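In the two complexes that follow, chain A is the common piece, with chain B as its partner first and chain C second.
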Partner chain A sequence: MSTHVPGEADRAAAPAPLRPGRTLPGWVRRIAAMNETWTFGVLVLLVAFFTAARPDTFLTRYDITQIATNAAIYLVLGVGMTFVIIVAGIDLSVGSVLVLSAVLSAEYTIHHGGAGSGWGTVAVSTLIALVTGVVWGGLQGWLVAKAKVPPLIVTLGGFGAALGLAQIITGGQDPTGAVSGELQHSIGFGKLFGQIPWLVVIAFATTVVFGLVLAFTRFGRYTYAIGSNPEAARRVGIDVDRHLVKIYALTGLLSGLGSVMWLAYFGTTSIAGHSSDNLKVITAVVLGGASLFGGRGSVLGTVIGVFIPAVLTTGLIIMDVQQYWQDVAIGIVLVAAVYLDQFRRRGRERG
Partner chain B sequence: MTEPLLEARKVSKRYGQVHALQGADFTVRPGEVVALIGDNGAGKSTLVKTLSGTVRPDSGQILVAGVPVELGSPLDARRHGVETVYQDLALAPDLDAAANLHLGRELYRPGLLGRLGVLDRAAMRRSAVTAFAELGVDLRDVGVPVASLSGGQRQSVAVARAVAFANRIIFMDEPTAALGVVQRGRVLETIRRVRDRGVSVVLISHNMPEVLSVADRVEVLRLGRRVAVFEAAHTSVEELVGAMTGALDPVPAEPGPTGSGPAQSSRNGSDPTGSDPTGSDPTGSDPAAPGAAGQPSAPGKPARPTPGPEDGAL
Partner chain C sequence: MLESSSTRTLARGCAVLALVVAGTTGCDSGGSGPAAAKSTTLKLITGVKSDPFYITMACAAQEQAKKRGVKLTVDGSAQWDVAVQRPIVDSVAATRPDGLLISPVDTAALTPSLAQLQSAGTKVVLVDTTVSDSSIGVSRISSDNEAGGRTAAKALAGLMGDKGSAIVISVKPGVSTTDARIKGFTEEMKTGHPAITLLPVLYDNDLPATAASQIQATLAAHPDLGGVFAGNTNTAQGVATGLQAAGRQGKVKVAAFDAEPDEVTALKSGTLDILVAQDPAGIGAQGVDQAIAAIEKKEVSAQIGTTMVAITKANMDDPAVSKYIYKEAC
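Let's look at the complex of A and B:
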């Protein structure tokens, strides 16, 4: 994290050129050096393996749709988590914020027509979910940036508090009539052009927009800079604190969006069903090549990282393997991916 | 004698027990190269940070062109045309050289995209290539992360960044420490060229011959205070070292406090009792040297411990 102190060895040496290039052309080396390339390789291997094992059932259109739908909400959460992890933070609260947003929006729906309510209720309840996420996330960001409480602690607290609030509001039971039928039939089960589930479309749009923001805009560049060396960012005049607040607010916003997608698809708040969302999402982001020390990662990597567990799940089910093996497999893949990454990085970096 | 471009008056800064700056004065005149020297821990980097808006002094005054200013953030210093090469370089290792050069000063695409905050990476890369070429830095590829550059190359990136944007003053905190012979020569050459462009350069260095070869004036900091000012043309390495270590202080001192170890902080209070910064020269401890107390007025005329006839008056 800290800047690299110039090594003694460089002293009095002639200007050191970049290490002698291998014979490969630059773009090949650059692609090979990208984390996404390697993770994508793993994904391709998995798909190839399952396809070979069950050529007639795996990778049918039904499967692909199913995998994408299952991955959609994690993808949305993962996009936010990517920003947080690049900035050298962590957000353990995503699942609970999703639940709290879902519960607050459900409360509104219940009192404004319930399952039979119309688009007006849908609009307001959606807004409530998004605002809840932004406010909660922004508050956590403020605590991280201004109060200097470590993000692990802030969001661990947020994780418990948001879930607790959701349980207080609902008495611990998932309320009935939480979602408007309109929302469920359009966004939840509907398909764009009768082909692509709306859930997937929303996730895809979110991913593309924030992927572009991260890769091509000032906001993205500052995210990498702060994660890479916050002091350097401060010294060049970047408002580090404000940027951190924005980033945590963004994860909150996307958790809110995730809650709307969840409600639309499942029709219930599932208060008890999100306690491990955070770990799943962090796993995906790290699989995608992001560094928990900050400064590295990409939305594209996260997309791949989300699909590896999704493909594994579907593949193992198709192969009639007991489902719990999936967790074992993901654990191994995660540790192996990070190990390989460190290994390559040590070869690449000096000092 | 021209009016100082930048002036620090009685600047103090404490870090807990450590009194890093104890009423330090410092002067930069227009279009000069002034070296700021002092032993390890003398407070040079801290002084630079207060003058570049990174660290807020506890007390004291900073004047730009005679006007008192408040440097609340690095942006304030930037607005006054001040750029800094920090001792720790302050680069983002995961970003490439071009991105680091433009960090906080990004170029945007024209039109709507630019207004949406979309960066013009090609333009930044081009301007980075120009900046590095001007400095004679041999970067094969401005697109690789700074983390994978050599120490010297990183230092060159930091220097190039400051040179590219400064229009009044550049602070360089040991910019040549990690550089090879050729590269060091280029940086010194750059310093002269920048000076000829009318930009003042403050050079911090432990390399005395280097200091004497490039600087017009030398200001010496010891224990957080300015203790001497020299005209570089009329001084010698011995004199500089003497002023830095306190060896040339006129009044012979009682031995320094025993067991003070390597710490350079003065023992409590504002009196610089003589913990010898070098820890090697038993004669070097200084009493409350008259030079250190200094006539606070006359910014260009600080008290001098060694009234050697050969150092032209200031």
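Let's look at the complex of A and C:
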């Protein structure tokens, strides 16, 4: 480089802070070098802070299962979004696909027994929700991969169209009798061994399965490869287009699963209640260390990214902080957490 | 409800008949309408055609018009969108009705069309919503939202036994109707029920999931929480889910606004405890009366605030209360 880049020299001259000493054992350095460690540190700090501030309430009366239950649906959506963001894509349609899946499965339930329907209806309506998600996601994937429409536009269109269809089907009103009471009582409010809410079990299982898929399988390696450099991936023989379709279909599938969990927990389709799911989920994925330019990210990071805002909002409510200040605090923590991550990355890339 | 549905069907049949054969007296149900007003034509344009609130308003307006012996036709936009409502207003202007009752979906965008209508001689009555230009409309009729908030506070305090903590979870700040409801609620709680601790207002941005986690966190911080005032149906749904997951449903009382069919179902099932119903029927009927008064050059009330009623599981079968439940069809 012959041109002088301002700031480059200053940064190089500055002493590298926070670099683990050479004397530390290897496993400590490896853990410190992991993306998730740092965001996890932020989460631990927050939990420690709220526990110290309200020891009689935080993590006692308001316990970890409650936080996890409220985060479960966003977690499932976040797992899908992690894959999409790693391949340098984006999916703005998750909330609307959830609504459309919920509405179609609700329509089946309404005409097959309504709130009093049994497990047969639950099974079919669940299948309808999952298939709706896969089909819608797969279609969006095809448009991204084959028709070469940018994912931002495809999924923005999908966001509007899926919601519009849901509104056409229902006339814009949440239908009554949308969910079987069986589903609500067993999955929505039921607990495994009377301890762990089923919603949390489902979210945990989804997270583990797809976390392992991303980390240890060929599907996962292809995902990272395409995100880092799609042209190189193509040249080594990966069918990039097909893989992209699969990934968008996976996000759709998880939106469908999210809709089943939503119906079970809230008992209604909440057509108007999902307009900002996409931003919430994207924020979580980025907070978890994924790069919007692709090639980087992990399911574990996303889990942490979902929990940071969840802990923050509930903690601030428990401390009786006025809502306007809550929004300020959340904004600051989000930016600070990502800044910390960038800061550390720069340090690593330098030395 | 059941016994009156046949009379409503009759009324609707008559309204259709009156449209086909204008001036027929066969349907006169003994109303006090002056014979001179027979040729008077009124038009009602609602905000959202499929919304039970507006359906109830339109039904009552139609009934009142028949009673007064005037001709009323109803139209409404398919969505809450000024681009949808404006063409309807313009096409109505072409028919030059004597009076127009309208729920404008925008405070400014419809002003030129309405001003033109007014200068052409049509008496405009604003029902439910208004426009900011005060020269539009001979009368403005809407719910008194502050009074509604006070009604909610009284009913909630009653169910709470005048003790414990209460919280408002609303949709978002800066919406005039909900802000007025919160103001009335807060005032009544502070002055009328000082034994109840009112917690700071929370906003869920219309997301039930947010409302659910907010209510659980509040429950943890304030185990004496006894009442929640929910801003709208979505919020109420989220609050109810959060309470159910925390095992506190029924112990913490939930009040919500409006009395749409799915909310009434929620009231029956115990998900909600209080519905504060507006009076769309009253708004519609009074709108017709005011329009006729203006056309006949009689005294007109420039501003009318209609009352709200608290519906609970205990009083929902009382005909004096159940008439406030919104209808999905006339």
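We take it that the second predicted complex is superposed on the first by the 312 of 351 C-alpha atoms of A that agree within 3 Å, B and C clash if a C-alpha of one lies under 4 Å from a C-alpha of the other, contacts with A are read in each partner's own complex, and residues count from 1 in each chain.
In this text, a residue touches a chain if its C-beta (ideal position, glycine included) is under 8 Å from a C-beta of that chain, and two chains touch if they have at least 3 such contacts.
For clarity, every value in this text was computed on a predicted model and none was experimentally measured.
When the two complexes are overlaid on their common chain A, residue A:T39 makes contact with neither chain B nor chain C.
Contact with chain C, but none with chain B, is seen for A:D174 once the two complexes are overlaid on the shared chain.
When both complexes are overlaid on chain A, the residue A:R296 reaches chain B alone and has no touch with chain C. Of the two partner chains, chain C is the only one touched by A:T69; chain B is not. Of the two partner chains, neither chain B nor chain C is touched by A:S125.
When the two complexes are overlaid on their common chain A, residue A:R54 makes contact with chain C while staying clear of chain B. Touch criterion met: A:D320 reaches chain C, while chain B stays clear of it. The touching residues of chain C, when paired with chain A in their complex, are 48, 50, 79, 199-203, 205-210, 212-214, 216-221, 223, 233-234, 237-238, 241, 244-246, 261-262, 265. Residues of chain A that touch chain B in their complex: 2-7, 9-18, 21, 26, 30, 216-219, 221, 224-225, 227-229, 231-238, 294-296, 348-351. Only residues 54, 57-58, 61-62, 66-67, 69-70, 73-74, 171-174, 176, 189, 197, 265-268, 270, 272-276, 310, 313-315, 317-320, 322-323 of chain A touch chain C when the two sit together in their complex.
Residues 52, 54, 73-75, 78, 84, 86, 88-95, 99, 103-106, 108, 116-119, 121, 137-141, 143-144, 147-155, 177-183 of chain B are the ones that touch chain A when the two sit in their complex.
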